[in-house]
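Once you've had a glance at the structure underneath, I'll fire off some questions.
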Amino acid sequence: MAEPILRVREIHKSFDSTGVLRGVSLDIQEGEVIVIVGPSGCGKSTLLRCINGLETVDSGEIWLRGEKISGRTRDLYRVRQKIGMVFQSYDLFPHMKVMDNLLLGPTKALGRPRQEVEAEALRMLERVGLREKAYALPRTLSGGQKQRVALVRAMLMQPDILLLDEITAALDPEMVSEVLNVVIDLARGGMTMAIVTHEMRFAEAVADRVLFLEDGHVVEEGTPEVFFHHPQTERAQQFLRSFTYASKRDKGEEQPKNNAGD
Amino acid sequence: MDWSFMLAHVPDYLAGAWVTLRFGLYGILCSLAVGLLCCLARFFRVPVLRQIAGGYIELARNTPLLVQLFFLYAGLPRVGIRFSAETCAVIGLTFLGGAYMAEAFRSGLEAVDRAQIEAGACLGLTRTQNIRYVIFPQALATAVPALFANVIFLIKETSVFSVLAMMDLMNVADTLRTSGGRTVEVLCMLIAAYLLILLPVSVIATRVERRLRYAGFGDQHSV
Amino acid sequence: MQDLGISILFKGINFQRLLGGLWVTLRLALLTIGLSTVLGLLFALLMLSGRRWAKFFCRAWLEIVRFMPQLVLLYLVYFGFARLFGWDLNGEVSALIVFTFWGAAEMGDLIRGALTSIPRHQTESAEALGLTRGQVYQYVLIPQTVRRLLPQAINLSTRIIKTTALVKMINVTEVLKVGQQIIGQFYRQPDAAFWVYFVIFLLYFLVCWPFSLLARRLEKRWA
């Protein structure tokens, strides 16, 4: 196997003496898409935030392309230039037009020429169906549109890896798929990604590998086929069951089948 | 109403208004600078400077300008520190205003969503770039109403400059009142003069605030 | 005598005299705060009454107070009313009128702001629980209003305390005036003025600061 693009070794992180991550290790290969699932509070978001240094790890190491990136404080921004991240709250800069949002990172952080990036930005916007919004203000966009812009903004940095933290959690249901289709498109294009999501069907569709996190540990890890249809651990089975409802007409005679991934 | 008296004294009021405006403006500009420095010292947690800024803000916000001016103008010369009346006026107004401006800037900075700062960091911006392109424009926009309120407040506060024997609007009116005795006319012109100075400021403030709102701040859709 | 100027403050009853002078303005401030609260409540109710003329009246009142330096208003009442209506008001009564006129409008606007800031669904969900109108106010609206209002009202009160220092300008014998008298008596002590004004500055700070701290603490706790 080739050298993984991202290597996470035994990281620990506590907030106020509550252990949120308790020894998590993870390798991501180039072009691989891993999906991290688990109950809320299991440490998924913290894991992503540790990877790009928004949180500092208490112990353990993180390596990007063979370079140790954990434990730095000085030039964190250099690391972040190679790691894209999108949050559930989009976080477009409200005082800038869509295009200025897109140009900020590539021109200021990477120092690339404006025209070149602008042309590229327009192509990317075209690809996500937002070409005509290029010079609009963020507040005139719907949630789904904002999140697509946020994805383009992260992609324009040409990152080595993209971290997506519950990017559809704040969206109205009908807008979820327009955003997730963009992500699937990116995955097809060979983008390396670590995705935290509660959308189980999406997870199954996009993942090369699924990580099930609980209480700061990786409890189960496997291909989406195995994880969603034949989960190996009791806790993963329980977790997946929480996505199904017993019909009121069942009268409790049958155990509800685990069909979260169907 | 003695209109000819009023007309005859318009130049006096213009001169007074010029004093009020000029020293008010100096004080306001210095206040903005001092306020920004204090705010930055606290924002970046600069050791020592940050404590000094904090102490200064408390002192300045909890004492009247009149008392500050008495201390500057009548107290300090007795221990060998002597300033002209004009300098005292600007120092006094800056001492008071700097603290209020610092608080206005701080409220602006505090209003910037943490997520915005993280989003800037995630784009690989350096801390300075993040402050310049992401944090500061938003903080300033939020702080604008408070900053303008301070400007109006400080112009009003200049009315106590008359204790420094400066011929500002207030002192012009007072001098005319005691010499000419036409109290009503004198006071009407005083009111008119302050209105003519403050109304435009208020109109500009409203314009700028509306402009900023339309420019897309206060992003209602975001979480 | 070659001792430090500060020693004159402890000669005889000088310090008590200063405190007495401070009490003149503090008493005035307390009266103003009390009256402003009562009248401010009326102001808020008037403003929220939905009547157009009432709203217009309140807005005009508020604008006058916002635009006119308090010192101008003091002159208007103290000197102007004597001319206009033949009322010969003494300094303290004039000051009480002016500061209450100002305080009531500001307090009224704060109360209005606090009342209207409570989201409508708070009332609706309380009513949906079957609470009576009185209960809605008692358990839901008033507690939330008070929490929002109290820190701001305390801040306004410190502003009132600071502003009452202005009565010096209309010949009320308050702490600065007493200070000047003391300095006059000890004219042979060169740095007397420095210490007297410094102590007055400190006294104001010691009075206002606790209020500011209290307001900030309440704001934090109830935010």
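Chains: A, B and C, in written order; residue numbering restarts at 1 for each.
One rule holds for everything that comes next: a residue touches a chain if its C-beta (ideal position, glycine included) is under 8 Å from a C-beta of that chain, and two chains touch if they have at least 3 such contacts.
Because the structure is a prediction, the values reported are computed rather than measured.
Arrangement of the chains shown, judged by which pairs touch: a linear chain-to-chain path with two open ends.
Comparing mean CA positions across the assembly, the chain most remote from chain A is C.
Distance from the chain A centre to the chain B centre is 47 Å, each centre being the mean of its Cα atoms.
A separation of 54 Å divides the Cα centre of chain A from that of chain C.
Averaged Cα coordinates give chain B a centre that lies 20 Å from the centre of chain C.
Of all the residues in chain A, the ones that touch chain B in their complex are 52, 54, 76-78, 80-85, 87-95, 104-105, 108-110, 137-143, 146, 153-154, 157, 170.
Touching chain B in their complex are the following residues of chain C: 5, 66-72, 75-76, 79-80, 82-84, 158, 162-163, 165-166, 168-169, 176, 179, 190-198, 200-201, 204-205, 208-209, 212. Contact residues of chain B toward chain C in the complex are 58-59, 61-64, 66-68, 70-71, 74-79, 152, 156-160, 162-163, 170, 173-174, 177, 183-184, 187, 190-191, 194-195, 198-199, 202. Residues 113, 115-116, 118-127, 129, 133-134, 137-138, 141, 215-223 of chain B are the ones that touch chain A when the two sit in their complex.
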